[in-house]
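Shared chain: chain A. Partners: chain B in the first complex, chain C in the second.
Our next item is the complex of A and B:
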């Protein structure tokens, strides 16, 4: 098991930037470390980025927390302590939105991973036209999510949309559906669009991981008479395990906070069926003009995301990965 | 490993089916954009029209400030790219060349920012920018876009800078170059593929961003393409061929750039395990 872990964490770059850091530093200390003159130079190079980030991330973040402790109505703003949080945690609206977010994220990530892995495995075996296939399969990820969503609104249009036409002409549906107008279909539709949009990236990551698996492992297995399934089960999966954990955790975070597709396609409707947390934040802030409550939802969403962030951190720590 | 030709053929069929499914929406956008208005609402729809024309594009340019949206997108995405890549190059150089004690903290902060939900920050951004009366300005958009783009850019560039041997810097300094000179004349040229990847990634992310400018611009003449196009969709009667023509204008340029430079982008993404 240990040797498997070693090969995976060495895979070309797909490992997060810091993991190789500690090793390279301890094996070869920076020669200039003793130079007094240069001691602060690194900070000067970092300063502009730190200043900009402090001003543009830390300040708004603090402001969001501060706002979440207020009741805001138009220009009026009163300090109410934790009232917004109490309200959210005791009414159905927030929990319902959290449930929609959980369903959306679970289904989308599951299919991103499943289809991404399948495509990566096949693409890894293809030689002819491989670049063409990769470029083409990655294209949905290059299209702006909001614009991709608009294209899909047209594809799913109830009367003249091509999806209704194709599905009914092959007999899958009996009559034309209003995809974005019925609660269950709307949720399914936005999930399909997100799967279309999000699968290519997972495929790309896993493809890079597959290319890092040493060929001789497969050759040895072939000599031993291992079947294709056995090779997948005992060589590919263990080698890819680390990357699968990293990719799925990251994907959970990115999918959970995704806004554009749903905002454009349904704006959270019909009757809240697709109102994931980010869309709820937007609607609360800019439709209901309730900045305080919107910020409180945002802080709660951040809390949920941080749980997965901690999971990601634990998974990517090099020492940790080798331990188990 | 010997495989039967049947399996190979099957794999090809599955991959091409996937390719067709993935690309079909993009094809349908182009197909609709090229249809005359009369054909858009035909049932069954025409999959390959014989009457393709550019009418929808002309109509669009006549009735909409799509050129202005395009310019806005270009300015905001371009400005964001320049600002982020310049600051990220300095930061990545500082982190990979000097003993920076707070490095773990910085890495953790970068990671944290990468995971922040945009929807949480857009509320305070709106408040702060409205307070200083900077809504509808390029500057505020570039700054807000950069707040998210910069950590990504630093993250990716660290990977590229680290593989450039420090011996080269040291050799430069031995030859009497200053730190800035080695940065500019030694490291940056060597990191060029990385810089291209990061610049491209930043530009794409900024070009495609929706939420920021949805909230931070209220004046239609300041809309960027995604926001301007989304407002077209909200109208009482949607001219789908014009709407798809607008989408073509927004999507096709980046798809073209991406197709040409795909190699760089893929290298950059897999180097930093980044996602937009």
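Our next item is the complex of A and C:
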């Protein structure tokens, strides 16, 4: 029986033939029982996925939390309760890393959104070489982050790097800079690389949104004499509002837990200037050999990300897009 | 019909016997995984391939499976697999850290059962770095002794005499100034995020007769020892005050240093013998230009640094006896001599020193002379990795940023490292 047939029987007010219990309960509205059963059927279908997710996500998460309650030294560990959390929350290392993460995420997400929207608007307009431009602009996102980071390390290399050569050739810098070797420049450099890497994702989402805006809204606005800015302000932005919220929230989550680019380019240095929380986790686990403390940082980072995840879930509630 | 049936039964029986014998043979074959960063080095590849083939020919029931891993990922990959109880049987990792964490198997009993004639051929001063809490955890494989490497052509171009290489800091600084120009420098100050930064810093400290740690490894003395602090200040001043070092020290490590040397952007580098192999791999034209000397010193009791690469058996290894056999095999004179010649690794067996490949190579001899007056790292503390790869590196980076606060920064480092040494 197809769903179309279901709908037909619903409209006709008859009991679907496949619900054997439906006939004996003809005095009760059949619809509620059927839907309830159908809903449970959905859960049965989801059960393998739920079990798999539990095995792959919940179990390691529980294990990570359990590890965070231990002082670990390789294969040995002692239960220390919340000592790792107390240590982290009372030492500067964690807060400094959180600060670097916050700066990194704020700046990167801001520019991902700004440039992503700009590029999406441009791509939505262009006709000539549209496909080529789309593929070209997506390239940074397609390239594996660690590979892209290695390329950038060589571009930014202080003695032979192309960036220094080009900037000094056009007179923007007087002497070659050590982009990854000084704290301020290193953070700016990894942020620029992350902006290069992350912008296409936002661009792609927003371009899809732009292409869904009915043309007649713009035509009506043009007839009414609206300027380009007014069309953008009163048609484009309201239509994209839902996607902008979704894209920025997802981007915050992605950027907050971003690891590859910084690990490859600076490993968190110099002097911790680029040591975002995921890099601090890695350094704590593998340089300090302290898996307990690294797990505690991971749990705290998860807490931060969960706040944004809840925001994202609320923003994407069914019907929310329509309301917006 | 009966014949056909008998033939079929015979065929099935033959197949069954053949299959079961094959399965039996497969079941008897032992696979030993061998993880080492050197496996991916071009100059070592032909040697280890021949070595594995020879070992497998001698031991048909054992198969060696090489696990190649980049230098930067060696420890991470090992720890991850060790945590999962699936570490490769044969590994080259820092012994104190790995043994302390329970990742390695003691080879003390296997070593004790070896004849004296075998035990006596090893350089005995190498064994300190192989022992943890009184137990031996591996065999030495090769050493890297830090000397000063010069480019003869660049020295001559600067009007310096290659036959009279500098022996003191003052002479070195004078030379360094002569070797520095607008787009080229005398040397590098290393401050990149690896333990190479610490190795080179220690070589400067030792060249002044200083010490960075006390004898029983309970205290760091980078700033506390005046000779150590003096050496640190002099070394860092090459970059911050005198401008004779390539810019961007915090981005420079072994790889960048050897590239700069190969491209003749720097004229000298503090490096081990294997650094020369890397340079010649990048620029073979320098083959006749390489000179090696002891690091310039500022004290009569100056020393240098020797690093030790070891081979151990992981704690989860199911076939330790076969692994021990392979470890011994890879240190046989035939392979050790080839490693000296082709891979530029310093031998740790005293019975190799008279071999013509070793005795007849003036650069090897120079390195061996430097090595006779060197202190070995890694130091036998489980905190070594963290101290060498992070704490010292950050202090050097910070001191380069704030040259007026060098003493304060290294005093803080002393406190931090002392805490780590005692927080075991």
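Keep in mind that, in the parts below, the second predicted complex is superposed on the first by the 265 of 324 C-alpha atoms of A that agree within 3 Å, B and C clash if a C-alpha of one lies under 4 Å from a C-alpha of the other, contacts with A are read in each partner's own complex, and residues count from 1 in each chain.
Please note the rule applied: contacts are C-beta pairs under 8 Å (C-beta built on N, C-alpha and C of every residue); 3 or more make two chains touch, one makes a residue touch a chain.
In this text, all values refer to a predicted model and were calculated from it rather than measured experimentally.
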- Task: Using the touch criterion from the header, give the chain among chain B and chain C with more contacted residues in chain A.
- Result: B
- Message: For A:227 in the superposed arrangement: first (chain B), second (chain C), both or neither?
- Response: neither
- First, second, both or neither for A:178, with chain B first and chain C second: second
- Applying the touch criterion given at the start, work out whether A:91 contacts chain B, chain C, both or neither, answering first, second, both or neither. neither
- Message: With both complexes superposed on chain A, which partner does A:271 reach: first (chain B), second (chain C), both or neither?
- Response: second
- Now for A:41: first (chain B), second (chain C), both, or neither, which partner does it touch? first
- Query: Touching A:286, do we find chain B (first), chain C (second), both, or neither?
  - Reply: both
- Task: Return first, second, both or neither, reflecting whether A:150 touches chain B, chain C, both chains, or no partner chain.
- Result: first
- Name the contact category of A:122: first (chain B only), second (chain C only), both, or neither. first
- Item | Residues on chain A lying within both footprints (that of chain B and that of chain C) | 157, 159-160, 286, 291
- Message: So in the complex, the part of chain A that touches chain C is made up of which residues?
- Response: 73-76, 157-160, 176, 178, 180-183, 266-272, 283, 286-289, 291
- Query: Which of the residues in chain C come into contact with chain A in the complex?
  - Reply: 75-76, 79, 82-83, 97-98, 100-103, 191, 193, 246-251, 256, 260, 263, 265, 315, 382, 385-386, 389-390, 393-394, 397-398, 401
- Item | Residue ranges of chain B touching chain A (in the complex, touch as defined) | 1, 11-12, 14-15, 18-19, 21-23, 25-26, 28-29, 32, 40-45, 87-88, 90-91, 93-95, 97-100, 103-104, 106-107, 109, 111-113, 115-128, 143-144, 146-147, 150-151, 154-155, 158-159, 162, 166, 170, 179, 183, 204, 207-211, 214-215, 225-226, 229-230, 233, 240, 243-244, 247, 250-251, 254-255, 258-259, 262, 266, 269-273, 275
- Inside the complex, what are the residues of chain A that reach chain B? 12-18, 20-21, 24, 30-33, 38-39, 41-46, 48-50, 52-53, 56-57, 59-61, 63-64, 67, 119, 122-123, 125-126, 131, 133-140, 142-148, 150-155, 157, 159-160, 162, 165, 169, 196, 200-201, 204-205, 208, 218-219, 222, 246, 250-251, 253-254, 256-257, 259-260, 263-264, 277-279, 281-282, 285-286, 291, 294-295, 298-299, 301-302, 305-306, 309, 312-313
